[in-house]
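In the two complexes that follow, chain A is the common piece, with chain B as its partner first and chain C second.
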Partner chain A sequence: MLNLSSLQPRQLAAQILNFALVLSTAFMLWKGLSVATDSPSPIVVVLSGSMEPAFQRGDLLFLWNRGQDTQVGEVVVYNVRGKDIPIVHRVVRRFGGGTGPLRLLTKGDNNAADDTELYARGQSFLNRQEDVIGSVVGYIPFVGYVTILLSEYPWLKTVMLGLMGLTVVLQRE
Partner chain B sequence: MHSTLVRAQTAFGFFTTVAFCVAALIALSGFVSPQTPSADIKLRNVQVVRGRPNYYSTKKEEYAHIKFDLDTDLSTLFTWNTKQVFLYITATYPSLKPSEPPSSAIIWDAILASPSAPWHQNQYEAPGTPDTRKSDPEAQKAIAAPGILHLQNQRPKYQITDYTGKVANRSDVVLELGWNVQPWVGALTWRGWSDWGVWKGLKGGRTERFGFPGVKERVKVQKEDLGTAKGGEGNRGKPA
Partner chain C sequence: MTSSTKVPVYSLSDLKNTTDDALPVYLTTLPNEPFKQSHYLADVRLVLGYTAVAIAGVLFYFDWTLGWENTKAYTGPAVLAYFLLNGVFTYWIWAVEKGTVFAGSRGKNQVTSPRQSYRPRSTSTGWTDSAGNKITMASKTKDHIPIYHLTVSVDGRKLDIKAPFTQWFSADGYFVAKPFQQWLASEISVIGEADPNNVVEEIGRGNVVDGVRPEKVQGVLDQIRKGATTGSSPGSGKARRRG
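So, the complex of A and B:
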């Protein structure tokens, strides 16, 4: 019944364009949010349990990166130099700032020790401007869990993309 | 065309719309619930010692050990959308360079669980908290009104070091109470000093200015005096 060969070429092209529009709209929304929040990644998914019970794996966090004067007690997301894994931890100390760089020390609520050992070799503080990609301002529980599933089971990505493509292409008004 | 797929899509779409709207209403409801937090914090004792402040410290440095008294009434922070309140005390002290703003560090923190939150090992149990498993009416009352603390001569959880390695003889140090309200869904909020809508700013919650004394020799200080309070953090050893 639903058969690609039964589609008119014009209709098929329209459906493909439609699919491309959906993808580019999502991409534009993401980049727009990125500009508005001044953060390369304005929405992140919590990947570890180191901030429990505040955040659990799979929770969705909204970041804000305008206002570089981060205070102690804020929860920031940073990337360790040389590794591309975002880490969500709370600021427990701040030094410097003013004309020089603002330095931060972070700690997970569920970790007994601060993050000194987690940082790159020879680094004992975060540089607010270089390492931090945003400060957490909003929270939605659990809805990001699907991305954890997708990264842990890569074949799900293929299945999902395939299904999305099929539904858009085969949808007829 | 009303195939099963279309019906399923419509049902799921409606579900997400309703869920999103309800979540948004819950998230906004917190902003119309009045808050009147008050706190009283007093410095009890401060010492500066040279040594290794933590078991994982690699070098010897000066560190400050601060004991304090704390009385709080933060019960209005707990609404139906509050999961927990992360309560902390910061010590703020001027930097050595005049161009730099003051540095600050957390010396003590506690996770105050809302009555609606499930038990977690990291949650703080204030001294004298009655055993919740007993169906004692007094215990029930204590659970119903979280955010009320009375701590005397409390040990810090963390000792303060500075990146210069020196903290002795600094003046104009001040202890301040802060918190972060963690909702079930919505915006995270922090302690404010001034009024904002129906939320009153924190009344009290700041000590008089004091100074860090000179370095005391480690041998002259009782080891017990420098002990820190332990939290319930699950990950010991290397942070994850």
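So, the complex of A and C:
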């Protein structure tokens, strides 16, 4: 433990810098991964059971968005226009491609019907380039459950951020 | 002469940090032409670090307001620049600063002793154009061993000194400045010249373990044994006191 008020200005600046570097490095690693995979969100957590038994709630998925020629059978993650919730479903039909935009129809393995009901009003297919944020290339079971807890109990976020900040600021070396 | 804060005496990092903090306080208040502290090393480190953080902050702001598609073209270069700066920052800490806790100089205008102006001096380190004494101090401790190691570089000449923390921490954890200052003034000639009153002769008090050479101890013991067998006073062995 050390007394913050007794620090020299440079020492205080160095302590704050340590904390800022932890946060910014995490952010920049994420952005670096985004650039490498060409996806705005290269790692997502499965939020629903609609893809069981392939993926469970809480699974962590790794996405790749560089191969644009998505085939039937691939699992893709897309955002519905106007909503910000990523949905993980399997491609069951593809139309177009080549010179025109590639259009996809998706369906959850565990759902009875395809996704036309989920899409935005007036939309009956996904535009590969605009709507899809990546194809699933790997996953780790269950570890994403923490983020589900964090989004369902938002006060946990504050607690976690506070704890992180305190440890970095109060420890020296 | 004690500091107001108390440290846990078994916490090595507390002992080291308190001692590190006491160095500039003493060196910038020497009675005879004190050192002027140079913050060059720390300032470069802070600029490197904060520039990197600023890049991340700006990217975060535009990513937040404009979205991924609009910032995509700038994200790659920003990430590259961030990690380059971070690399230089790390290099600076490990290869340039190397645990430096004090850097400073005494200007030539204030030189009182004529000898000092003829000293060879290094021009390789570029943070001051002073022609007086230039000093850098880097400290370290080895894991779980309560000995303070100080690498002192005066005008390019290196000197490694070490002393146990017990020499300047009281049993209840207060830093006592006087013995610390005496240690520095006695071990480092430049500081001794600047603060002659704190130069003390080493008389081998119990807490100084490093000066004791086993073969000398053996000699003293031999003397005592000889004295005992020949019937003379055992105290004669003490004539070999160091100092």
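In this text, the second predicted complex is superposed on the first by the 160 of 173 C-alpha atoms of A that agree within 3 Å, B and C clash if a C-alpha of one lies under 4 Å from a C-alpha of the other, contacts with A are read in each partner's own complex, and residues count from 1 in each chain.
The rule we apply is simple: a contact is a pair of C-beta atoms (placed from the backbone, for glycine too) under 8 Å apart; a residue touches a chain by one contact, two chains touch by 3 or more.
Since this is a predicted model, take the numbers as computed values, not measurements.
Novice: Where does A:P141 make contact in the superposed view: on chain B (first), on chain C (second), on both, or on neither?
Specialist: After superposing on A, A:P141 lies in contact with chain B but is clear of chain C.
Novice: Of the two partner chains, chain B (first) and chain C (second), which one does A:G162 touch, if any: first, second, both, or neither?
Specialist: Touch partners of A:G162: none, neither chain B nor chain C.
Novice: Return the chain, chain B or chain C, that is in touch with more residues of chain A.
Specialist: Higher number of touched chain A residues: B.
Novice: Is A:N111 touching the first partner chain B, the second partner chain C, both, or neither of them?
Specialist: A:N111 sits against chain B, while chain C stays out of touch.
Novice: Determine, under the contact definition given at the top, whether A:A20 touches first (chain B), second (chain C), both, or neither.
Specialist: Only chain C; A:A20 stays clear of chain B.
Novice: A:K31 in the overlay: touching chain B, chain C, both, or neither? Say first, second, both or neither.
Specialist: Second partner only.
Novice: Of all the chain A residues, which ones make contact with chain B and with chain C?
Specialist: Shared contact residues on chain A: 172.
Novice: For the complex, give me every residue of chain A touching chain C.
Specialist: 2-3, 6, 10, 13-14, 17, 20-21, 23-25, 27-28, 31-32, 34-35, 40, 172-173
Novice: Write out the stretch or stretches of chain A touching chain B in their complex.
Specialist: Its residues touching chain B are 48-50, 52-54, 71-75, 90, 92-100, 103, 105, 107-118, 124-125, 136-141, 167, 172.
Novice: Please name which positions on chain B make contact with chain A in the complex.
Specialist: 1, 5, 23, 54, 56, 83-84, 86, 88, 90, 95, 97, 99-101, 103-106, 111, 113, 117, 120, 122-123, 158, 162-163, 178-180, 182-188, 190-191, 230-231, 233-240
Novice: Quick one: which bits of chain C touch chain A in the complex? Just the residue numbers, please.
Specialist: Residue positions touching the partner: 5, 13, 17, 39, 42-43, 45-46, 49-50, 52-53, 56-57, 59-60, 63, 67-69, 72, 75-76, 78-79, 82-83, 86.
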